[in-house]
Amino acid sequence: MGVVHGEEMVLNIGPQHPATHGVLRLQVRTDGEVVSQITPYMGYLHRCFEKHSENVTYEQVIPFTDRCDYLSSMSMNFGYVVAMEKLMDIKVNNRVEHIRVVMAELQRIASHLLCTGVFGLDLGAFTPFLWALRDRERILDLFELTCGARLLYNYMWVGGLSHDIPTGFVESTFEFLDYFEPKVDELENILAHNKILVERSADIGVMPKDVAISYGVTGPNLRASGVKWDLRKNDPYSIYDKFDFDVPIGEGKKGTVGDCWDRFYVRIIEIRESVKIIRQALASMPKDGDVHQSLPKKLRPPKGSIYARTETPRGDLGYYIESDGSPIPYRVKMRSPAFTALSVLDEIGAGWLLSDVLAILGSLDIVLGEIDR
Amino acid sequence: MIKYFTDIFTAVSTITGGMFITLTHLIGAKKGIATLQYPEERWPRPERGIGFEHGRYNVIRSRLHVDMDDCIGCLKCERACPVDCIKIETEKSPDRGNDLKDINHRGITSNGTKKALVVTRFDIDMTECCYCNLCTYPCPEECIFMTGGPNGKKHPIDYEFSEPDRSDLIYRFAKPGTKEGMEKIMNEKSQVEA
Amino acid sequence: MTVDFIFDGLNQLFPEFAGNDIFLIIAMLLPVAALLGFITVYGFGVIYSEIKVSSFIQDKTGPMGQGPGLHAGKWGLLQPVADGIKLFIKEDIIPASADKPLFILAPFLIFIGALTSFIAVPFGEKIIITDMNIGIFYIIGVGSLAVIALILAGWSSNNKWALFGGMRSAAQIISYEIPAGISLVVVIMIASSLNMQEIIAYQAGGLFNWIIFDNPFMPIVFIIFFISVLAETNRTPFDLPESESELVAGFVTEYSGTRYAIFFLSEYANMFVVSAVAATAFLGGWQSPFSNFLNSPAWGVFWMMSKTFFLIFVMIWVRWTVPRLRVDQLMHLCWKVFIPIGLFNVFAVAIWIVVRGS
Amino acid sequence: MGLLTNKFQEDNVIVEKLEKLLNWSRSTSPWFFQFGTACCAIEMMAAAAPRHDIKRIGFIPRSSPRQADVMIVAGTVTMKMAIRVKKLYEQMADPKYVVAMGSCATSGGPYWQHGYHVLKGVDIVIPVDVYVPGCPPRPESLIEGLLKLEEQILEDRPLTRKMT
Amino acid sequence: MYRDFGTVFFTSIVAIIFVIVPLVIAWLVAPSNKTKEKLETYECGEVVEGSAWLQFNIRFYVIALIFLIFDVEVVFLFPWAVVFKELGLLALIEMGIFLLILVVGLAYVWVKSDLDWVKRRVRYGAGRYSKIAMDQDK
Amino acid sequence: MAEMLFWLIAALTIASAAMVVLNNQLLYSAIALLFTLFGVAGLYIYLWADFIAGVQLLVYIGGINVLIIFGIMLTNRISSIRLSQTNVQQGVGGVVSFWLLILVSMVITKTPWYQTTSAEPSSTVREVGTLLMTKYILPFEAISLLLLGALIGAALLSREAS
Amino acid sequence: MDQLNNYLFISAILFSLGVFGVMTRRNGIAVLMGVELILNSANLNFVAFSRFGGMNLDGHIFGLIVIVLAAAEAAVALAIVINIYNNLNTINVDEASTMKE
């Protein structure tokens, strides 16, 4: 006794599709517009990061880490150097730490800006996306001023930085922050509280706490589900324990805890928190200190292995580095946050409408470079 | 029922709020526009000092330049490159530290180092380069540079060098004719020795 | 109206052939040709202003006519022209697995729908190609051609995105036809005529005689009508059928070159028609907002145009502000918000008229 | 081929004028195919962002290949993707142009040596008109490359007989 | 009236011509290079799996059906609206009855949730964990 | 010219009506029906019934035809059999309908129809409205009941089982 | 053209075509289309009589009512067709009439 369902249709979203943020291919089964199953196919951007790491020296790995999560290269560098410094037991001086934190937080802002903008774009609001890009450009200017590159920096080195910050950097950063804060409010006003966006994202794609934890989802996605977990607070690396900031969690203001809207809004609050951290870090930055001070002459870590994790804009980034004593790593493995975020997609996305699936995908903020590596 | 009307109300108010924001952008377009008319205007290339005594220079990563007069062919840059896009071949100079007029070779670098090698081939494939800047640090003579470098005054920064033909993007820095010239010189030398 | 006018003129010019059929055909074709010219110019203009307005809203400049040899003129004024010509000389692809006859038929249908609805639009006191008795009704009726055209376009492409787009837009357009129709019913109740010119004539005498200010319910009616026609013309927030981030390009995914340009042009032409209907029905058409001031026929054209273009501007403005709705919310909005409120409006205005009239 | 393509003598004035018009329109409104695969795509977005705004010179993003003229291959093309790239290129309507943006698309870039899964240059599968170097190319470089492409289009002679 | 609608007819013809002319131009000057791959259906670069010509969901049909009924209703509203001012109260009452009966219909389909596009059954997605999550929700 | 146009429209109507019943592809039949309906609307214009013509556009073309197209797309595995369908009993059907045609034509020609000449009305819709509100008020209200029945019935029949 | 007979003939042809369709087609929706033709022919007659009977608008009213009927009929008929399709997975009318669940 059948009811007329439309036939099930197998639909390929991607690899070339405006909403997949790159070359992800989602194979969805739809019944009419309802998606009954989502199968992500990856590997369209597999660039052999781990293989490369086994073929180049330790410092040459850094440019390749850049290219994994190309939206937050600084944080990727950061994770790698933190791991390496742990492995080699290098202490860097305070100025370097401060600069690193400032850079990582600026990168977090840039990344979150893009994410919120793209989320708006996925839901059809074009303008906020461009505004977000406009402000992101200012951050890129700061990076460019520091190290000359706009997107892939190769800035943090094991034991230091490639360049010291230039004179005037602190002032321009403050200037940028002053300019930027009203813009966040504007972004929030036009996007976050817009009724249409709320309707499109609240109560959609709810990721309950235990699902998030059992899938190993981290970062803003986890926090949006109501888990107060942030490595910067819970397992502080670098000098994050010195700063005073909040870890925002999803509160389900417009719907259920852990819905798309929460994931989106947590990022906006995180932008504000990052601004706070940057202000503190800039204010307390030591005036002197050579950024090249503790650069090792030869990057040749002792035999052994290390796993270290840091908080990138997308969540826990773990590096497992195994060294056999030669200047070339024996193995570098990356635990990427976006990968777990993508794996949860079928769990929380099946059963929703096609448009919802794309909204959920947008709210998970994945970067293909990091998933496929 | 109340929710029905509050929903309508919030929809109307938030959307009008959004429209108001966009309207301010539209009206304030003169002030707010962030566009640069690129070929005519460009974003100022930031200048900075990074602590070397060479003073202020530009850090924008652009094309690699090599100052062949200064290169001693030590291959450090080639080794530093993570993608192996620098290819250097050298020949032993017959006359260490002296100029070779035939092939336009300078014997002494501007730092005063005497060159023992003649670089016969110095190719950088800019299509493979990942602009990581790693090659410029180890260079003892500071003659390969990407960012305008300490010698930045000699070469302009250029990041606009797209080409319709890929082979035009492989830059051959070795002076033209060096290889043949060297061969000739070596041949002559061996003949003389013989 | 204009047809009669030209016909009479021709008859007077050549009295020996008076009443000739050829004259009638000429009298019909002339204004239509002028209309085509108008649509083309209007299309370029409105596409240009869409690009520019959106660019300004987004803090950028939009086309500036740069490039080798200052392509698109100063301020990129010729950009839409170049776009148009380029589309016309692009390869015309009909996918092998498509249903050819229907694939070809769809652009024709949609353009016929767009163009034929134009001829009942009053541009000025005397300038209306045909002044039908059932003017407004006719425009609604012809509008339904678009539905079939879109279904055909979506279906015949044999492309899943196009199919989704076509179906969505069909469901959307037919649904929103009802709130739009109900809103117009209210207007007709007040003006007691389906004839466009009579509706406008009813609103003579300044701003406060416009139907939108006729009674306190009219602004609501107007808003419902306006949003409904937004949906009927597939503009954001109702652009689901061609939403870029979901359905690639919706029902036009497989269309290239000329055929795509026709869809594009029809969409903008429809925007004009619905704005003109809104201006006619609610904002007094070619009537001046002041009862005796600037009220000549020439100014009439000006007023009509400025009202219409203002509404078009609002459409553009809305488009670049809001996100888009989801398909079920779209239906919810139509059936559960607009239609009940629209019906309520009909009752309320009817009672208002009865009470005030007696 | 169109009926009149490559059918005329070199020195026909009307044809020359017509060609000028065609080239003008083609070079003024090259709509590009949103085809970002990796990091370079972000810079492509940045080029569309308010600061650089490639709409300024007529580049409008389209997400369906049928309506696009220029395919900007922005990012790494892997072996798995190469088939799709070719297919998408094939599905674009003529005339079509390709801009290889970034090192990866040009020659495999940083992955040319050990990247067992990276296509060593997109020109292996599709013809490329302009190579934009950089990793990622700055938006300025991209725009410069696009302007170069426009110049190339302007020099085309679509209707005159080609000397072979 | 003939003239009015004659114009409509001629306008349609003009519209057809207006579409045909650029097609002819395209036929003359546009390049045309039909390869097999080009004529394939576009599906984000993937090989197409199955035809798009599947039967699709019934919801479109239900909406079209309800639309049809209301369309007819609107059609009746028009002549009524034209004469409304002449007839006054009488027309109001008559149309009131007419509309009320139909409003009952609207209310019926509303209550029976035929107007809902999708009867969504999920809250947490339909993955493996949905049951656990749902149980917790209770 | 009006005469010519009339025959053109009549020919279009009949030809497309023939398409409707003869075409093997159901969807093409539906599209042919579209043209038939257009043709009939044109004939209404010749009969000075502009309002009815508008209703024809709105209800038949915008409503019923769309519904039929939806119905076709809903009930056919289009991918496999290309929406085709066969005719049965063509011979019998042809004979019967041809015979009917002859019969009716004979009736038409034989009957002395009552005809009067009349002037073109200024506005049909006004009179239709008045008639509906006065003379035909009962059918008018009955229609609403009919529509209600149709709505409920159709919704019931086509509802998805939950 | 200003002759009643012309319209009556056109209508007669439409009618017989409709009858032909109803008789010969097996597909339920195709049958429905035949019925629409018949209804249209009837409508044409109504309006034609109204026009030639002194512009008596009663005919228009009938036309209107017939259109409404057609709409209601189409809605219900298609709903039935869909229902049959649901249950029997065919919409060929004669199959449907013989198949029993």
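Labels for the chains are A, B, C, D, E, F and G, by order of writing; each one numbers its residues from 1.
We adopt the following convention: contacts are C-beta pairs under 8 Å (C-beta built on N, C-alpha and C of every residue); 3 or more make two chains touch, one makes a residue touch a chain.
Computed from a prediction, not measured in an experiment: that's the story for all the values here.
Participant: Give the fewest steps needed to get from chain C to chain E, where each step moves from one chain to a chain it touches.
Facilitator: Graph distance in the chain contact network comes out at 1.
Participant: Have a look at A-B versus E-F and report the one with more C-beta pairs in contact.
Facilitator: Taking the two pairs in turn, the one with more contacts turns out to be E-F.
Participant: Select the chain at the greatest separation from chain B, using centres from the mean of Cα atoms.
Facilitator: G
Participant: List the centre-to-centre spacing of chain C and chain F in whole Å, with centres computed as mean CA coordinates.
Facilitator: Measuring from centre to centre gives 28 Å for this pair.
Participant: How many Å are there between the centre of chain B and the centre of chain C, using C-alpha atoms for each centre?
Facilitator: One centre to the other, that is 54 Å.
Participant: Could you work out how far the Cα centre of chain D sits from that of chain F, in whole Å?
Facilitator: Each chain reduced to its C-alpha mean, chain D and chain F end up 52 Å apart.
Participant: Two-or-more-chain contact residues of chain D, please, as numbers and ranges.
Facilitator: In chain D, residues 22, 49-51, 53, 56, 63-64, 66, 84, 88, 93-95, 110-111, 113, 135, 138, 147 touch at least two other chains, as defined above.
Participant: If a residue has to touch 2 or more other chains to count, which residues of chain A qualify?
Facilitator: Correct list: 1, 3-4, 6-7, 9, 11, 15-18, 33, 56, 63-64, 67, 127, 130-131, 134, 137, 152, 190, 194, 196, 353.
Participant: Which chain F residues touch at least two other chains?
Facilitator: Correct list: 1-2, 46, 48, 50-51, 55, 58-59, 62-64, 66-67, 70-71, 73-77, 120, 123-125, 128, 132, 143, 147, 150-151, 154-155, 158, 160.
Participant: Once bound in the complex, which stretches of chain A touch chain C?
Facilitator: 9, 11, 17-19, 33, 120-127, 130-131, 134, 190-191, 194, 196-197, 199-200, 353-356, 358
Participant: Which residues of chain F touch chain C in their complex?
Facilitator: Interface residues on chain F, with respect to chain C: 1, 27-28, 31, 34, 50-51, 54-55, 57-58, 61-63, 65-66, 69-70, 73, 122-125.
Participant: Using the touch definition up top, name the residues of chain E that touch chain G in the complex.
Facilitator: Against chain G, the touching part of chain E is residues 58, 61, 65, 68-69, 71-72, 75-76.
Participant: For the complex, give me every residue of chain G touching chain F.
Facilitator: Against chain F, the touching part of chain G is residues 1, 4-10, 12-21, 23-30, 32-34, 36-37, 40, 43-44, 47-48, 50-55, 57-58, 60-61, 63-65, 67-76, 78-83, 85, 91-92, 94.
Participant: Where on chain A does chain D make contact in their complex?
Facilitator: My answer: residues 15-18, 22-23, 43-48, 51-52, 55-56, 63-64, 67, 70-71, 114, 130-131, 133-134, 136-137, 140, 150-152, 368-369.
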